[in-house]
Amino acid sequence: MAKELLKGNEAFAEAAIRAGLDAFFGYPITPSTEFLEHMAKRLPKIGRAFIQAESEVAAINMVYGAACAGKRAMTATSGPGISLMSEGISYIAGTEVPAVIVNVMRGGPGLGNIAPSQGDYYQAIKGGGHGDYFPLVLAPATVQEAIDYIALAFDLAEKYLSVVIVLVDGNMGQMMEPAELPPMQEESKEPPEWAVTGAKDRERNVLTSIYIDPEDEEITNLRILKRWKEAEKNEVRYKEYHMEDPEILVIGFGTAGRVASSAVRDARDEGIAVGLLRPITLAPFPERRLEELCDQVRRILVVEMNTGMMLDDVLKTVKGRVPVEFYGRLGGVTPLPDEILDEIRRVSKNKGEMKGDPRNEWMDRLEKMRMGDA
Amino acid sequence: MVETKTEVVYQRPESFTDVHTHYCPGCTHGVAHRLVAEVIDEMGLREKTIGVAPVGCSVFAYEYLDMDFVEAAHGRAPAMATGIKRVLPQNTVFTYQGDGDLASIGIAEIMHAAGRGENITVIFINNAIYGMTGGQMAPTTLAEMKTTSSPYGRDVELAGYPLKMAELLAQMEGSGYVVRRSLHDASNIRKAKKAIRLAFEAQERGLGFSLVELLSSCPTNWNMSPQEALDFVREKMVPVFPLGDYKVIPALENLRV
Amino acid sequence: MAVTGWIEVNELYCKGCGLCVEACPQDVLRLDMEHLTPKGYHPAQMIEETCTGCGICAVVCPDAAITVYRETPQRRSRSTVKRRA
Amino acid sequence: MEETSIIISGFGGQGTLFAGQVLAYAAMDNGYEVTWIPSYGPEMRGGTAHCTVIISEALIGSPLVRNPDIVLALNLPSVDKYEPLMPSDGVLIANSSLVNREFEREDIHHLLIPANEIAEDIGMARLANMVMTGAMLKMKPILTVKMVKQALEDHIPERHRKTLPMNFEALDKGVAYAEKEFEKDAA
Amino acid sequence: MAKELLKGNEAFAEAAIRAGLDAFFGYPITPSTEFLEHMAKRLPKIGRAFIQAESEVAAINMVYGAACAGKRAMTATSGPGISLMSEGISYIAGTEVPAVIVNVMRGGPGLGNIAPSQGDYYQAIKGGGHGDYFPLVLAPATVQEAIDYIALAFDLAEKYLSVVIVLVDGNMGQMMEPAELPPMQEESKEPPEWAVTGAKDRERNVLTSIYIDPEDEEITNLRILKRWKEAEKNEVRYKEYHMEDPEILVIGFGTAGRVASSAVRDARDEGIAVGLLRPITLAPFPERRLEELCDQVRRILVVEMNTGMMLDDVLKTVKGRVPVEFYGRLGGVTPLPDEILDEIRRVSKNKGEMKGDPRNEWMDRLEKMRMGDA
Amino acid sequence: MVETKTEVVYQRPESFTDVHTHYCPGCTHGVAHRLVAEVIDEMGLREKTIGVAPVGCSVFAYEYLDMDFVEAAHGRAPAMATGIKRVLPQNTVFTYQGDGDLASIGIAEIMHAAGRGENITVIFINNAIYGMTGGQMAPTTLAEMKTTSSPYGRDVELAGYPLKMAELLAQMEGSGYVVRRSLHDASNIRKAKKAIRLAFEAQERGLGFSLVELLSSCPTNWNMSPQEALDFVREKMVPVFPLGDYKVIPALENLRV
Amino acid sequence: MAVTGWIEVNELYCKGCGLCVEACPQDVLRLDMEHLTPKGYHPAQMIEETCTGCGICAVVCPDAAITVYRETPQRRSRSTVKRRA
Amino acid sequence: MEETSIIISGFGGQGTLFAGQVLAYAAMDNGYEVTWIPSYGPEMRGGTAHCTVIISEALIGSPLVRNPDIVLALNLPSVDKYEPLMPSDGVLIANSSLVNREFEREDIHHLLIPANEIAEDIGMARLANMVMTGAMLKMKPILTVKMVKQALEDHIPERHRKTLPMNFEALDKGVAYAEKEFEKDAA
């Protein structure tokens, strides 16, 4: 197929349909709404299930139902919607059925705004819902990547009987880029043997997340954790840019990573030995790769569109072996290449120790900058 | 010259599993379960039926009703049932919900399932209280009724009035069959069973949302003996929650069961 | 000549709630206070032979613990008569 | 052309987003890498709406820029916002129908064009966007007018296809106006 | 006042009332329900607001309203309820108004069970809701502590205009212990000047979490982060046991920490040089104190009633300076002193390096143990 | 001999701020805002009133109505208003909500606020669509009506029937005043204002839950000119959502305003 | 002798929606196509003197952009007469 | 007594939780540290309900134990569950009315007592819990009967106050039965 100019949300939605999506349940919310609108246009025409639910709470529980029936079901929303889905997500995880959830992130907390943000990283990675469960989280950074990883999301969800969250920001959802859609996947795979489809010619199936005896719940928690550990072994994905023996390592995901790639390119032009690691799976996080890089680089700069959430996972992995600095823009502000370039320049000159929270210095810098603005 | 023939007048229904239920002695949840099992057996639906259990005392309904089952989040059974029915339209899908589950936390999901005319069946147990959590006020708790969260009796000025779900849901254009019955004695139990039968018939015929509200007892949290509790249902609840057919679409009216 | 019936109470299910006792129109049921079920309840039992097998006890039993049997006399002759008419 | 960034900005309803998409299509259909990214949200109503288009021969990193090479400003707030951000030699085209002020920057190429009037002459006020696009193609030929017309032809929403000739006319009038202005300057 | 034998939930509730609670909005859920029931008994009698809301979603938004009116408002629930409150919590945080939320944790994910657990640590600390905000989290371990910290919770909430979460497990909520309640606090402090009370003789007040211009949201995010940093400086609290030059450091919070204290006592009797650090503020986490201890101890054992959540924060702080091991029980199982004693014995003998995730070895041990059970 | 006197027949109300609203040209949100401002001015309530803005096109209501305001989460305005009213019973508390906010995601909160007889006033804007998010289907969207999430027209079989909130809420025993009005022309606007006045009067008198449903236009997402949109309200919406008084408790009936 | 009125349209608020134009019973309003408001709309204007000051335009205006004035003739004499009666 | 742990276990409705609370009150009122912690939840209905009471002179860490010093088992499942967990020299008292089996452990002190029958003689089946408590106080006098009676007196819920004498009688009957049994053993 030739490339078309595709709008993120619509492309993701179409990719899901072609990956064999059976049912979409959602509720409109900027900047994810075109996702739902595309489903509304396409699914009824091809006889698959679409409902604009009364709320995100209802939507996720419809997904829960369809998933229990062994079908490929998904929803797409933004931060506030994910918060309302937290209980349902925890139930799906606890019932060990597959589901795919897309979060097109916007500025928060609260109502915040509808501008692109990465402030839902914690919520996605640490699990916004209650109890011990571990969603897989994918963070594509181009429309083409998103198209490819939406299909992967379903495969992973089914392989690990897990919730898979696709985490993009409003830029990704709203932008148009040339990209290629996969062909329509042939439908009607047999329902998995655990699905509820009516107990005909087989033992009945019961799907629940209740284990009233703590001992049973403990075994369940352990089973879920072990599956997660498997994923940690097999499913780590990331992309690297200008990684010719770098002295400085920039780490960023999604749009932040993509913008950083421009800055890194420009910095290389200036002769700064800097490379970029862009995690595509945020959970599992590319820990092993980062550990390797710790032996090569002199300093690390983490760039995010939040107050430093992935930073936690970086620090946990780096274990103080390399100084880590942070640069973040907040509340819906997308950093621009020149800012990040300035940061790279600064970091490449900075030989100082980093003690305490790397965010302390950044907060001062950002504040000065904002004062500058004002 | 006289012969006699021995017949079994009544026996435990097929679809009722062989386990001792966790319900308190005299709790009418058991009666409701049994009626559902009987209707599903008589209609031969067991192999295509998917039940949706609520969060409430009937959370373990799936341990007693011998068919495919899922367990929903508190109040969300109608949404979960919707998700299932939309991808398995040929199957029979029903929810079984208490009054806290359906009328309090889950009122949005039930209203909109009815509004969409979701082709599912809802068995709604109205026992005027939260059983599982130990006797708090429900939206259906009667005025002045004492519960652990209305220890001085439900003050309608502060805690509001009992919600009449059958009446409300009957107003939704999407609903095909919405009635209220009671489980307080044998003849009412027989009527309740007929209603449950009609509700499932409605679903089999694709006639839209069907719901049977069943006035039930909670001897434990009402602090009554099982029989006192049934008397309370008859004397105190029926007047507030009148029994009757609130919505029966024509296609069902002259259906004999 | 009266229809006769009898019931069996399954002790695995019976919780001694007494609803059948109250409901029985013939008043032939009691809770057996001498005896406890494995779950620790005093189960229902039939104490008289005048059960008609009406089944009301089973209808009200929340635990489907009762099986009801009925013995119905069949008069061949009369039935034949009937067939003639 | 290594990488060119274009911002088209105006009131909601002035068709800024569509004009950007037309450029993006034209670029893609002619083998360039391209990104198109809109502003979105409540501002779309009444407030300003703008989009950023980046056209490049290489893979595009950031879809956003601080200092756009080209700006089409369909209203005054857009001029106020972007004129200070332009790099020297940047191209700033403003819609004089709604912009009643002179430019301040000396170090950039600029043009004032009465896009609304021209469009209303053609008979469709909403075509101001195409008029300005035409002028841009004249001042900075990153793409040919032909390419853009082809893109319009291929990608205009069906319900608007009947307006295709008017769109073409708007483009041409934009080009013509820009030409005339330069002759003036030349003279 | 003399000590009384008090049930956790009731004691916490009464303590909140005496701390000047103006309004309680909640929804029943085991094992927190007695909290609501106590409020139902007391508040109407003293003319304060009590509502059993239709759901946790409604409850948290009622709290939100009362908090905006400048009143002391709270709710109490358990994991599933917190999940449903996530959106509201994010709104409260984003609006920068004070509120206190008690989570009496139970086994999860999903419906799980009602047994005591600590599986909501991530949800509480990392914020279950969307966007960048940082709740303060307190974890008392005795009924008396809970009584004292409920009052503190309100003070902190008002001082830092923040959500304060009191995180206890079902054991704490259900157990009875002798404890002393504070005297009833005098009511009617003036409403804060930011509260909505009607714009009489002053500029009107508008309270929202919406900052449609990302630049404004960025400043807001920064303001919230800086307040959090302040709290990090001033509000860290913890308790230590048998901390006479320990070689082994056990870290555990809440019930896990309390049970560990028995094990540590027994281990000391056996001559093992082990001490216990029991964080009381989980957020801010006692990082500085832990860093100090890293120079003293040979090995660290983290004990939790979850899959190793606080473990993350420990690892982030320890930075590989000391080997860290983990022992957790899951899904509503409360570890018993003898298990932890065995762990302490094992750890005190173990001289080996710890590489990779400390949970890997624990998982094997736990699994063997469970097999043992079965 | 003749003198003349100049009077101001109409001017912008006090409580309406001096800012250009973000609403689309011809959007009746502006009319509804103005009426609320006029009523609050006439009743002299401004200094004791607390408004609760929804999530929807009217999310910025607080920028135009010059009084204390909070901004609720989507659909939760009635819960937030409840929290405020319960701790400030002497204040006047009202919510302003769209149909997605009130009838879809927020249906649980509005039903229970009415059920509790919460003494608040609700201004309910029914424009049959989701405005802010760009024109998706609302629970009030008419059958067959095209929206961005019902691109082939609302199929009642799949997407359900338009919800009639005034009718539903009037059924709640806790509600004191529940009516439906329309904003499609001058005389209806005048009637709407009277209703808003009565709703606030009900609250001042502590008569329970009051709600005024206002049929409104969304020219932008209906793809109509402002006048076409008003004609659509009159011709298409009024027949489906009949104007009228659905609940007026006696204490209000002979109140003249 | 006819009551006379006039209106003022505040260009800060007017969005040129035209509802007042449609609503005016005297048909004395138009949108001024020659002129744009700061927000880029063609504002409403009064084009004839036959306005009665009925205020309908203001009632329908979604942006409270219209102020309506009315000049009412006052006949002293007659009123005095009235007082006598 | 450094630290003594007691588990009282039976069917819901057998008053196990209350019996534990009475011991806890008695301990507290007499200056001991104490914790009382119940099992809770749906099992309470029909299923088993038990509580753990720890009485100590020092501050109490864990409110839970694996190997309770004393167990009052009001039904069979409780015996099955706790007999294997008892430390040697532990005290296990079982309700023979519902426990129709012998004990297996030789290394613990045990007693079978027909608590239901004794209670029903007194006229209130629900008093089995107090009968067993009495027997315990005889076998392992961690507290005196007087202390426990005082605790009952002070803390019994008002609505049950009228049953106070019967509660006392149950305690005494339990003590008496235990005494008798030992004499037997002695003999």
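When the chains are written out, they are named A, B, C, D, E, F, G and H in that same order, and each has its own residue count from 1.
To be clear about the criterion, a residue touches a chain if its C-beta (ideal position, glycine included) is under 8 Å from a C-beta of that chain, and two chains touch if they have at least 3 such contacts.
Here the structure is a predicted model, which is why all the values come from computation and not from measurement.
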item: Fewest hops from chain C to chain F - one hop per pair of touching chains; value: 2
item: Same-interface partner of A-B, chosen from the options E-F, A-F or B-E, over half of the pairs matching; value: E-F
item: Maximum inter-chain contact count - chain pair; value: A-E
item: Where chain F and chain G are represented by their mean Cα positions, the distance between them in whole Å; value: 27
item: Centre-of-Cα separation between chain E and chain C, whole angstrom; value: 57
item: Chain A-chain C separation of Cα centroids, rounded to whole Å; value: 63
item: Shared-contact residues (touching 2 or more other chains) in chain B; value: 20, 23-24, 59, 71, 73, 104-105, 107-108, 111-112, 116, 132, 139, 158-159
item: Residue numbers of chain D (touch at least two other chains); value: 41-42, 46
item: For chain A, residues that touch 2 or more chains besides their own; value: 30, 51, 54-55, 57, 80, 87, 91, 95, 110-111, 113-115, 208-210, 212
item: Contact footprint of chain H on chain E as seen in their complex; value: 3, 5, 30-31, 113-115, 170-171, 174-178, 255, 258-263, 265, 334, 336-338
item: List of chain H residues in touch with chain C within their complex; value: 11, 46, 75, 97-98
item: Of chain E, residues touching chain A in the complex; value: 57, 78-80, 82-84, 86-87, 90-95, 105, 107-115, 117, 119-120, 122-123, 126-133, 208-222, 224-226, 229, 306-307, 309, 312, 315-316, 319-321, 329-333, 359-360, 363, 366-367, 370, 373
item: Chain G to chain F touching residues, read off their complex; value: 1, 5, 10, 12-13, 15-19, 22-23, 39, 41, 53-56, 58-64, 66-77
item: Contact set on chain B toward chain F in their complex; value: 104-105, 107-108, 111-112, 115-117, 139, 156-161, 163-164, 167-168, 171-174
